[in-house]
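Working notes, structure below.
Every chain is named by a letter (A, B, C, D, E, F, G and H) in the order it is written, and numbering of its residues begins at 1.
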Amino acid sequence: MAMEIDQIDLKILKMVQENARISLNQISEKLKIPKSTIAYRLKKMEQSGLIRGYHAQIDFSKLDIDYVVISLIKAKYGPNYHDDLGSKLAKLPQVWGVYYLLGEWDFVVMAKFRNREKFMAEFLEKVMSIPEVERSNTQIVAKVIKEDPYEVKF
Amino acid sequence: MAMEIDQIDLKILKMVQENARISLNQISEKLKIPKSTIAYRLKKMEQSGLIRGYHAQIDFSKLDIDYVVISLIKAKYGPNYHDDLGSKLAKLPQVWGVYYLLGEWDFVVMAKFRNREKFMAEFLEKVMSIPEVERSNTQIVAKVIKEDPYEVKF
Amino acid sequence: MAMEIDQIDLKILKMVQENARISLNQISEKLKIPKSTIAYRLKKMEQSGLIRGYHAQIDFSKLDIDYVVISLIKAKYGPNYHDDLGSKLAKLPQVWGVYYLLGEWDFVVMAKFRNREKFMAEFLEKVMSIPEVERSNTQIVAKVIKEDPYEVKF
Amino acid sequence: MAMEIDQIDLKILKMVQENARISLNQISEKLKIPKSTIAYRLKKMEQSGLIRGYHAQIDFSKLDIDYVVISLIKAKYGPNYHDDLGSKLAKLPQVWGVYYLLGEWDFVVMAKFRNREKFMAEFLEKVMSIPEVERSNTQIVAKVIKEDPYEVKF
Amino acid sequence: MAMEIDQIDLKILKMVQENARISLNQISEKLKIPKSTIAYRLKKMEQSGLIRGYHAQIDFSKLDIDYVVISLIKAKYGPNYHDDLGSKLAKLPQVWGVYYLLGEWDFVVMAKFRNREKFMAEFLEKVMSIPEVERSNTQIVAKVIKEDPYEVKF
Amino acid sequence: MAMEIDQIDLKILKMVQENARISLNQISEKLKIPKSTIAYRLKKMEQSGLIRGYHAQIDFSKLDIDYVVISLIKAKYGPNYHDDLGSKLAKLPQVWGVYYLLGEWDFVVMAKFRNREKFMAEFLEKVMSIPEVERSNTQIVAKVIKEDPYEVKF
Amino acid sequence: MAMEIDQIDLKILKMVQENARISLNQISEKLKIPKSTIAYRLKKMEQSGLIRGYHAQIDFSKLDIDYVVISLIKAKYGPNYHDDLGSKLAKLPQVWGVYYLLGEWDFVVMAKFRNREKFMAEFLEKVMSIPEVERSNTQIVAKVIKEDPYEVKF
Amino acid sequence: MAMEIDQIDLKILKMVQENARISLNQISEKLKIPKSTIAYRLKKMEQSGLIRGYHAQIDFSKLDIDYVVISLIKAKYGPNYHDDLGSKLAKLPQVWGVYYLLGEWDFVVMAKFRNREKFMAEFLEKVMSIPEVERSNTQIVAKVIKEDPYEVKF
C-alpha cells in the first residue's frame, strides 16, 4: 500500500535518488522551499520506509569482485518451506538479491564474488546443504551490461 | 583490472557505501584523517569510476510500482547481434538491470512497472519489435525478498 | 455415453445455451411446440445431467478479480494419488477448472483471484501443503482474450 | 477498472450467477425489493458489460463432444503479431478460451471437439496454416475433473 | 470405422495372429467348421484390409541389424507440411514405424540399421535434407525389451 | 551374435517374411530346392530364434482398437531397478513394445487400447503403482502413418 | 575397422601410452625383444595411424589457462550443414574436442582459454558468426576433476 | 596459481607437447642451450606438476574401442555429495574425463568402451547404484570429429 506523498515529496525524492550527497541547501534553493521543510520531509520518508537508505554505487569489478552469478533455486514442497528457504538464501554472504517466482524455478538469487573459489565455498556448498533446496542452477554472468537499480522512474 | 587503492580508501568507501549522506566531518573524525584528504580521495575514486554515484535506495512498492519482472531474452544469431541487442535492452524504460549470459538464454533483464498495462505497452511490445530478439520469457516476481545491491562486501 | 435426444431437444438446448433467461413462451412460439412439452423436455435434460445449470456469465475483471492464473501441477506417484489430488485441487477456493493430462504435467488448474496476495494465501500456500503435489508452476495470464465456455457448438 | 456497484447489485448478481432462470418475482421476494428495481439493476449490469449473458451449462460429453484439448501456441516475433494471432485463434471453431501468457508459451487455447478427426480438420490444420504461429503443442485432456467457470466467488 | 465381423471371424483371426502358418485343416478341426468356410472368411478379412498380410517375425539382432533407433522429428509449420513430411519419412529405407503426435514433437520414427554408418548415410543425412524438417533428435535404443506388435489383444 | 546362415537361408527367410502362408511347394519351386531341405532350414531358423514366429498383421483400427499411445517412463535409481521395471512394463496388457533408452527417458512403451477408459484402467493406473516408476509421460498418437515391422530389410 | 596387431604390439603400445619418453632400450629389456623390432613395430603403428603422436600432458591451470568451457551447438538443417559446421568448429582456436551427437544438441565442443575475455573474443563471437549455427549454450566448468584421455584401457 | 616459468621453459614445453619423444639433443640444438639445462628444467616442470606425464596418443577406434559416450550426471543434494560423487565417477573404468558444472547438470563424464554391452555392465549399472546419483543421461557420440587435448595453445 502506498503512503500519502505529494508532488513536493516526489521532487525531493528524485533529487536524492539521483544524487544522495546533495545538500539540504541545494535542494532548498532548487525547490524554493525552506531547509527545515526539506529535512522534515526527508525524515518522514525515511521513517515510513519509502527511503531505505543512501548508498554509494560501487563498480565492484574495479575491486576485482567480478565473479557475478545468477542462481536459480528450486525448493522442496512442504508447509513454510518457501518462506524458510527465502530467508536462508537472503542471509548468505554476498547475496544482494532474492526474488520469489511462481514458475519453473522458485527463487532467483543475485550475488557477486571475488572468484570461483569464493563462490563455491561461500555460496554453492552452503546452498547444497540447505535441506529445503531441491536443486540449484547457477549461470555465470559473462557481462553486466547494466546494473542501475536507482534508475527506475516514478 | 582493479585500480590501486589502499586500506584508507577502502574504509572511506565502506562508509559511503553504508551511508552516502555521511558528512566529510564524520568520516574525518572516525578515521582521524583531515577532511581535505577525505575529499581528495573521494574525488579520485569518483573520477576513476570506482564510485559511480550516490543514490537514495527507494522502496518502489510504496510508490505503487510493484509489477516487478525478470525477463529472459534469446537473441537471433548473427555478427554483433548480441552487442546490439544488449544496448537496446538497456535503453528500454524502467529497465535497471541487463545481464549477458552464455547458456540457454542470452540476457536476463530486470525491470519494474506500475502495473501490467504499463509493462505490456512500455516493455513487452517494444521487445517484440526488436529484430534481433528471437524469443522472450517473462517471469512476474511474486515477492522481492531482498534487493540490496549496495550490500555486496569487499 | 450420450443419452438419446432428438432434433427438438437440440433446438431447445441451443436456445437456452444462448440465452438462459428465455421464457417458455418464447421457445414455444419459435418452435411451434406447446409450452408444456418444452417444460417437460427441459426437465428431462436437467435430470439426465445434460443441462447442469443456468448461469449468468460475469466479467470478473469488472469486479476487480483480475489476477487470473493457469497453474500446472505435477503429482507424486503412488496408488490413487492422482484421483485424490484431482479432488483436492477441485475444492480449492476460486478454482473453476481442473483438467487431468497425461504428459509432462498432470493437472492444469484455472483460477481467478482479487490480487496476488489472495492468490498466494488462498491457493499457492495450500497447494504447497498438499502431500501428493510434487511441483507446481503457475503462469499469470496477461490477457484473457476469450473465455466463453458456453460457445461450444454441437 | 471496476464499475460502481453496491451490496444489492452483488446480491442480485450472485442469484443469477447461481441460477440464471430465477424469476424477478423470486429475487424480489428474497431481497424484499420491488421487481422493477431488480429489473432496472439487472439491465444496468448487462449494459455495463458486468453481466455478459445467461447460459445453460451443458455437459458436452453427453453430446459425444469429448475430445477436449488444451493447446499451447508459440508466436513468431514481430510488430502486432501477438494481437493478430490472439484474434485469429479466438475465431477458430469450437475454441472457447484463449489466454495470453508471458512465459515459455504465448497462448493457451481451450477447445472441444466431437472426435480426433474433427479436431485435426477444424483446428490443427488451420493453426498450422496461420503464418504468425511458430509452433503448437496440444495436450489431450484425459478427464475434465471440474469446469465450472460460474463458481468463481466475488 | 469397424467392419462387421462375428465371433467366428474373431476366433479365426486369433489363430492366424498367433500362428500364420496354421493350415486350414487345423483351423477347421478346432472350430468344427468346414475348410471352405474358413477359406472364405479369411479371404473376406484380407479383402477388407482387416488382415494386412502374414509375416515371419524375425529377430533382426541375429542378422546383425542391431542399431535400433527412435527418432523424434519436428516439422516446420506451413500448409500440408505435416502430411508431406509424414509420407517422406515413411518412405525412408529401414523405417518401419511412423507415428504422428500432437505435442512437443510431431513424428516418432522407428527404424533399424546394420550399424551407425548405415544409419547416418541412409537415414540421418536424408532427414537433414528434407526441407519440411525443422529438427530431429535420435535416441539409440540400448535394449529392445519387447517388440511383439502381433501380441495386441482384441 | 549372428548365427551362421547362408544365401539360401536368407532367400527362404525373405519369402516367409513377405508372406508367412507361402507353402513349402511354392518356396521349393522358386528356389529349385527340395521341399525337405526347405523344411529343414526353416526348422533350424526357428530353433535358433532367428524366426520368432509367423503372424497375421492386423489392422487394429478396424477392430476399434485405435487409442494408440507412446508412453515415456522415467525410473527411480537403484540396483536392478531398470531391469525390474523393464520386465514389469513388458507384462502390462496391450503393451507390444518396450525399448530401453539412455537419455532423458528410460523406457519407451508402445501400446494400443480400445478407448481412453481402457487405457487409464489397464495401463496408466498400473504404471502409477509400480514403485520403480518415477514419472510417466504419455503421448496419444494422432495418426499411425506406418507400422510395418516386417518391412525391415536385411 | 581395426588393423591387425598382436600381443607384442599391444604391450609396446601400453608402455608408450603410459610413458612416451621410455627409451627403446627400456622397452627392449622389459619385453626381451631386440631394439630394432621395437623400432619397426612402433613405426608401423605410427604409419597406420594407431599411434597419432607423443605428447607431454600439461596442467594448463598452472599456465593460467583455466577458463574451461563445454559448449553445446545446435546446427541449422540443410544438406552438408553438419559436416561443414563440424569442420569449422574444429578449426577454432583453443578447441581441442568436437563431438557429433544425435540428440537435442548436435555438437559438444571442449575448449580452454586464458580468461573470459579471450573466450568471448576468440570463440563466442566467432561461433555466433558461423551461418550454420542456430544456437550455442556454453557451460563454464567449475572444476576439472579428471582429464586423462590417455588412461583409456585396451 | 601459476608457477614461475620463463620463455625458455615455455619453448621446451612446446617442444615436448608437440613431440614427447624428442631427444634432449634435439631440443638442445634447436634452442642452443646445453643438454643438462634442458634436463634440469624438464625435471623442474615435472616436479611442479606442470608436466603431468608423456603419453602416446592412440586412435582407439583402431582398437575397436569406438562406443564413445558423453554422460550427464545429476547429483542428489546434501553435504559433500558433489565431492564424493565426483571422486566416484573419476574411478569408474574407462572414464577419462569428469567435469563439474554449475547448471542443469552437475557432471559431464567422458568415456570409451569396446561396445554397448561393456558400457552397460562397466559403467551404466555402476552409475545407477551410486547413492548420490539422482539421474544420468547418456549421449552416444556419432562421430569424434576432433579429440586433441594436447593441442591447447599457451
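Note that contacts are C-beta pairs under 8 Å (C-beta built on N, C-alpha and C of every residue); 3 or more make two chains touch, one makes a residue touch a chain.
Just so you know, these numbers come straight off a predicted model, no measurement behind them.
S.K.: Sharing over half of the contact pairs with C-F by residue number is what counts; pick that pair out of B-C, A-C or A-G.
M.R.: Copy of the C-F interface among the listed pairs: A-C.
S.K.: Looking only at C-beta pairs that count as contacts, which pair of chains has more of them, A-G or B-G?
M.R.: When B-G is set beside A-G, the one with more contacts is B-G.
S.K.: Please tell me the distance, in whole Å, between the geometric centres of chain B and chain F computed from their C-alpha atoms.
M.R.: Computed from C-alpha means, the inter-chain centre distance equals 60 Å.
S.K.: Roughly how many whole angstrom separate the Cα centroids of chain D and chain F?
M.R.: 45
S.K.: Taking the mean of the C-alpha atoms as each chain's centre, how many Å separate chain A from chain D?
M.R.: Going by mean C-alpha positions, chain A sits 41 Å from chain D.
S.K.: Between chain G and chain H, what is the gap in Å from one C-alpha centre to the other?
M.R.: 9
S.K.: Which chain A residues touch at least two other chains?
M.R.: As it turns out, chain A has residues touching two or more other chains at 102-103, 139-140, 142-143.
S.K.: Which of the residues in chain B end up touching chain D in this complex?
M.R.: Answer in residue numbers: 124, 128-129, 133-135, 137-140.
S.K.: Which positions of chain G touch chain A when the two form their complex?
M.R.: Those in contact with chain A are residues 116, 120, 140, 142-143.
S.K.: Considering the complex alone, what residue numbers of chain D touch chain B?
M.R.: Chain D reaches chain B through residues 74, 77-79, 81-82, 102-104.
S.K.: What residues of chain C sit close enough to touch chain D in their complex?
M.R.: 1-3, 5, 13, 16-21, 48-60, 62-65, 68, 70, 86-87, 89-90, 93-103, 107-108, 110-112, 139-154
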